[in-house]
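The letters A, B, C and D name the chains in turn, as written, and every chain counts its residues from 1.
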């Protein structure tokens, strides 16, 4: 309560020394907020829910829809019919952005605009803490990773002003949304088939990338769209080496880092690239839900070198956007704090190793039909795969069986599936990132927020099915 | 955000002119709060939910359990296990009062303590607006009306320091909790049978009251416990005339005004009494839920003359109390505002008349088994009764039938029921406030918050059953 | 509680007849839900918040993240760190869609998937009720109108499989996000300048559209992107007449109906077009926030003829999406009910007329510098404009003055502004939809949810400034 | 969703196998609820917030105020004006009890009534788990411990029907609310001064109790009101030995077990007493907030032998009561589960020992002005005391200093204070439970929910002040 005379008035309601002590505490809370607004970093310790709600409450009172004497005439937005809806949005209703610029501040919603700016700073800090110290700027986009990648591709095209650049080089990764993002942005993907190594790992073919660029002509190619986070036995693309090729031919590299923030080796590889003078990353894009434990709905675009590129991406979003993914992330990062975030990251790394060693020891003990594919373990530390030594029908049953026993995360990948993802674009061996993988296998992620008990439950279940 | 430099810092996040405008709005909101704290009256227009939550959020940050660096060692309260529970209490967990004094401020909860003080002022103002301009002080007690009456009786006894005063004169009203309150406080009720008038109304027998006082001896009598709000055909006790008797014999009058705040004639009668030099009311007690549209749980003790009596009541509550009834009422009164509260009161008066005239016109049209008991209409403007011209079994069925068709308010009162309420205290004709009422009847209240549509639905239903 | 034996068990806790009666009520509630799921229309009367929360609670228990014995291993989404965030999403965290198909049901979130399907049905029904009886299918897209238009353009291109179609014909409307949407989708806009009528109204030039199609060649043109809802004095595009041209040349018509749902004449015009065999609308797109009183964030794509087109749009969204705009709309439509929605629509129409007549009478009374531009009134019944008879500087001050007096809706449009919206695309007279409008003017919308008091406040304020 | 045909209808909205799987999960959740309702014990593992809200939502739909077609006519309660208030009560508004009987089920609120019954069972189970296996019945009373004790005293008097019994024997404990409870119930306390042992501990004087009974006459004495939980160096009353005296003279023993549930030795002592045939406890009363980590507001009355006594207490509450303390406790116990509750209890015991040993080691290291009073440690395992070797003024400063450094739990007790608590009842040495304790001291509780970090912070702070 910042009005002059609060202390005096309150002291006529309750004892003056209690008012004084309480105001000391209030001031301490204000200092926390001040530090947040001026330093724009994750607070060391997470805020309590009360502190978060109090802050949001203040910001809400800065938005016009909450003005005491607001005259709503002429407004087309900001009115909320349902109190349930109003309350779930903490009385923030104007969304973010203005005239199709995501990070512009919305004149009718100063509070929401501040939250947006702060959230962008906080998530950039979180990415630095995850191992990518050289990231310069990040923004949260309230769309999924794929749509955000589309926005990045289109921004890159606009910034280059070279209408011929209609191809995107894409080392194969069997996940539909990225291909769709290329298509949605109006470009044509050039698929680069992967290398299948003897150790069972699958990786991008760097020679193919380079020779394809030479063949198609760099002047026709917008960028390489590489992928860092992926299901084993595929390994993350080596963005540093790919970046060197991109640098050499003067094309961009857009990195689909969907759930890579949680992996130190991935983040350090990205960091090395953006710090380099001979390798390039235009931007890297990550999911909010897969890295920061928020509901599905947002993505983060980050850049280490050319921060004006981030502004270009912001300007290409065609309208005013939902604030929810930003608000979820803002609340969550404040609630975690620096300590909480780093603890979650560290625990995940430890549990990944624990999980792998548990798998190894448990599989040895039983004459198992499953065996760990070791080839990807060094390079892919988010996901691992188990080959399944069973006929197709029975391998399929393993997956179904897990799903119906409420274990919905693991995926069974069968040899020899094929699928048409885009018109004119079909894949053999779809799901396994390569035409003919030698095994059926089961692949799973060991993602942030995983708990030790889940690992035990899974192993028990796997032995059963 | 009251910290110095907020405007400057925020202006580096978003445009300075938007910060400036938002701060103007924030300041207006602060002024509303300042007016509330200094004037301590219902705001003219109700606050929005956002404004209410923002205010509560501030007060919560004044309570020790929300201090940033609170060391909870040694505390036995204030810790809340469940986030669901924490949130429903707006992070206020310390309750109200201290060392068994309800209105004392709680050192660990300055914010809660301010809410309590404000709420007491607001409810006092609401009672003034309802027609009792001379009320001087009111407090919300987080117990039902009956328990609060017990507290008042005991306070009165303590303040008199006359251990002989063990009787409470009680004009009969067939409702159990008040009798229990007399018993709970350790007193013995003396029942005064009512007068049954020819017009069908039932009223307290003033002559009996006076002669009983003479008979038992005023030195043995604590007070008359009179009742204002009641189900027709009983009419409210004439607290002014009873007060004159009490004044004459030097005994107290405690008024059970359970749902009487919503009736102008009742409140004006109380007002006339407390303003008088020859009539007396020690205190009058009303339910929060029956008058202010909050969930069940609280009562308000008010006094017009001796405000120290209110303090005595406060001091007799043996512990620290739940804050919920106070918080519910605080939120509700802020949300209604003066305009909203007066509108609800006015609408109820209009709908009562409308209801009665609808009943009259509809009953004339049908050769009805129900007929309006007119005798109580002038004096009881909250409730009315319809006599039922049916045998007992069928009259009973009317009530059951209404209940099972989801019309749970009206009560059917049958002739000749009897009931034992306290050990040694039984009643004939229980429910009808008199030993032998000539009819079965149905009685119902037209309470605050009633809507026109409900009246139509009821009349339709009544015609059916 | 659907378990067998609930009634028996509950009847050992409380009286059996109370259990029985309560279960009758529960069953009635279940029937409401059943009707909702089977009829898929707005309920006649709105649901209460309790009924809505109870329904959401049930759906939440169908999502895997709430399974009692869920083994989260391998999951990368669905975990929520903050309880504040979890609760604001009603425990739904998986978003909507699957593998980049918006309306596909998400195997991990059966409850969320049902909400999505229902919401699409409900919003389609709401659009029918608004005057467009022939609409066949609608889906809510959790992006702004502009991004959704981009999705529609790209879907249209994919479905045509004609890579040459790179132009979009666009009758000028001075609002940035639509132009951006064309660009984001990778197309090139062809701007059609408007006609300025003598009565001050501005409208699309149908002859220019047709001659431009002939000039550029229909084989190169994807569609006309027309606009129905706009700020006066521009009038809505005549989608029926434009649709005839599109039909004639075999190109699409995508309609930007941003806030047009609330206007009966617009909706009936769209209806006439989609019902016609000689005019065409590919799809029409509307904002959720501008029509349905929810926070900013979503859009609805509707189609009257080719419902497979809606499926194509759904399939082009590249990922899994935020559920928030769907959930907000679902709650709101249930809360409004059919009666509430129709009442809001009717009230807006009445208030528009009231507003205009108030303007007329008040402006006559004062020797005003403002005068109503009558030309657009017949065709644009959402917005109207007042010419300002003041020098540029002072006209500008009017706008600033309104804004700083918390009247943030009206816009002052000055003659002779110019602006570059896209690289290579600049406009003269930007804001007024035409190169040289003869007046400065003020334009404002009379949008759904407007209240009578706001009109008075505005008129008072306008007289001041 | 229990309606017939849900599976079929839902399977037309989303894939049938996903519906089937979700319904399996829903059924598992229903089974959890069934187990809860039939076994009436803490679930082994705590429920998730989603599961709790879902259950509350179901119960809310059983209350008449949420009936779809409820006709509210005649109702005086249940209407809630503010949506904020409605929501914080989970749409339950009717409170608990009926006609002044707390545990009677409220016909208008079947859902609330079930919650009340379940909560009473759950809290009884929690008390069993805490070490008092022989407890037979418990009820939650929505008033503070003191008011609840008053209710128990009055119930005891009524059940004895001996109007002469006007004295309550009370071993001195310097805490105001219990004395007030005796007074509020209309009885006169007889204070029994404590014994000060050489080891610094203070305990009730059993000889004095017996001789006072003989002196006053058992026929005039209602009961002994003993106290188990207290601040060191006072030790808990030996309820077993006191119970033997009570048994011998045929008087009651009401135990103020305010925060004793968290102490195993206290609970086992109570258990031994209620299991005995030669010792007696009429009832024992505990605070909800001090034992179960809920906001301030409720108490639990428990009995091990005569469970009809509990019913008598229930019947003396004069009205319908606030449900909040019950709802808070219900949510919290479900959220804890048996495992969570036992873990909290165990952790507290461990931390008490840890705290004491930390104190010992830290105090030895510094030439401290504080020294641990060891005498009470064996018998009082909730609280301990440190003597302060400083002059009065400085000792006082220690307390003030702690308070203002946000350490609000510890209390400094000075020698030689005196206080009048009730009219005619004053104490010398007030605060220290005895007339002349040899030291100033600081006393603090180690209560449930305490965390290890708090202990360190406190020790650091203590060294500073």
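By definition in this document, a residue touches a chain if its C-beta (ideal position, glycine included) is under 8 Å from a C-beta of that chain, and two chains touch if they have at least 3 such contacts.
Keep in mind it's a predicted model, so treat the numbers as computed, not measured.
Remark: among chain pairs A-D and C-D, C-D carries the greater number of C-beta contacts. At the far end from chain D, in terms of centres built from Cα atoms, lies C.
Spacing of chain C relative to chain D, judged by their CA centroids, is 55 angstrom. Measuring from the averaged C-alpha position of chain A to that of chain D gives a distance of 47 Å.
Counting partners per residue, chain B has 21, 25, 49, 53, 64, 67, 69-70, 83-84, 87, 107, 403, 406 as the residues that reach two or more other chains. Those residues of chain B that touch chain A in the complex are listed here as 1-3, 5-6, 9-10, 13-15, 18-19, 21-23, 25-34, 37-38, 48-51, 53-54, 57-58, 60-64, 66-70, 83, 86-87, 91, 105, 107, 110-111, 113-114, 117-118.
By the touch criterion stated above, chain B contacts chain D in their complex at residues 49, 52-53, 64, 67, 69-85, 88-90, 92-96, 99-100, 107-108, 142-147, 149-151, 154, 157-158, 161, 176-178, 180-181, 183-187, 259, 289-290, 292-298, 315-325, 328, 331-332, 335-336, 344, 403, 405-411, 423, 444-451, 454-455, 457-458, 461.
Per the touch definition, chain D reaches chain A in the complex via residues 21, 25, 83-84, 87, 403-404, 406.
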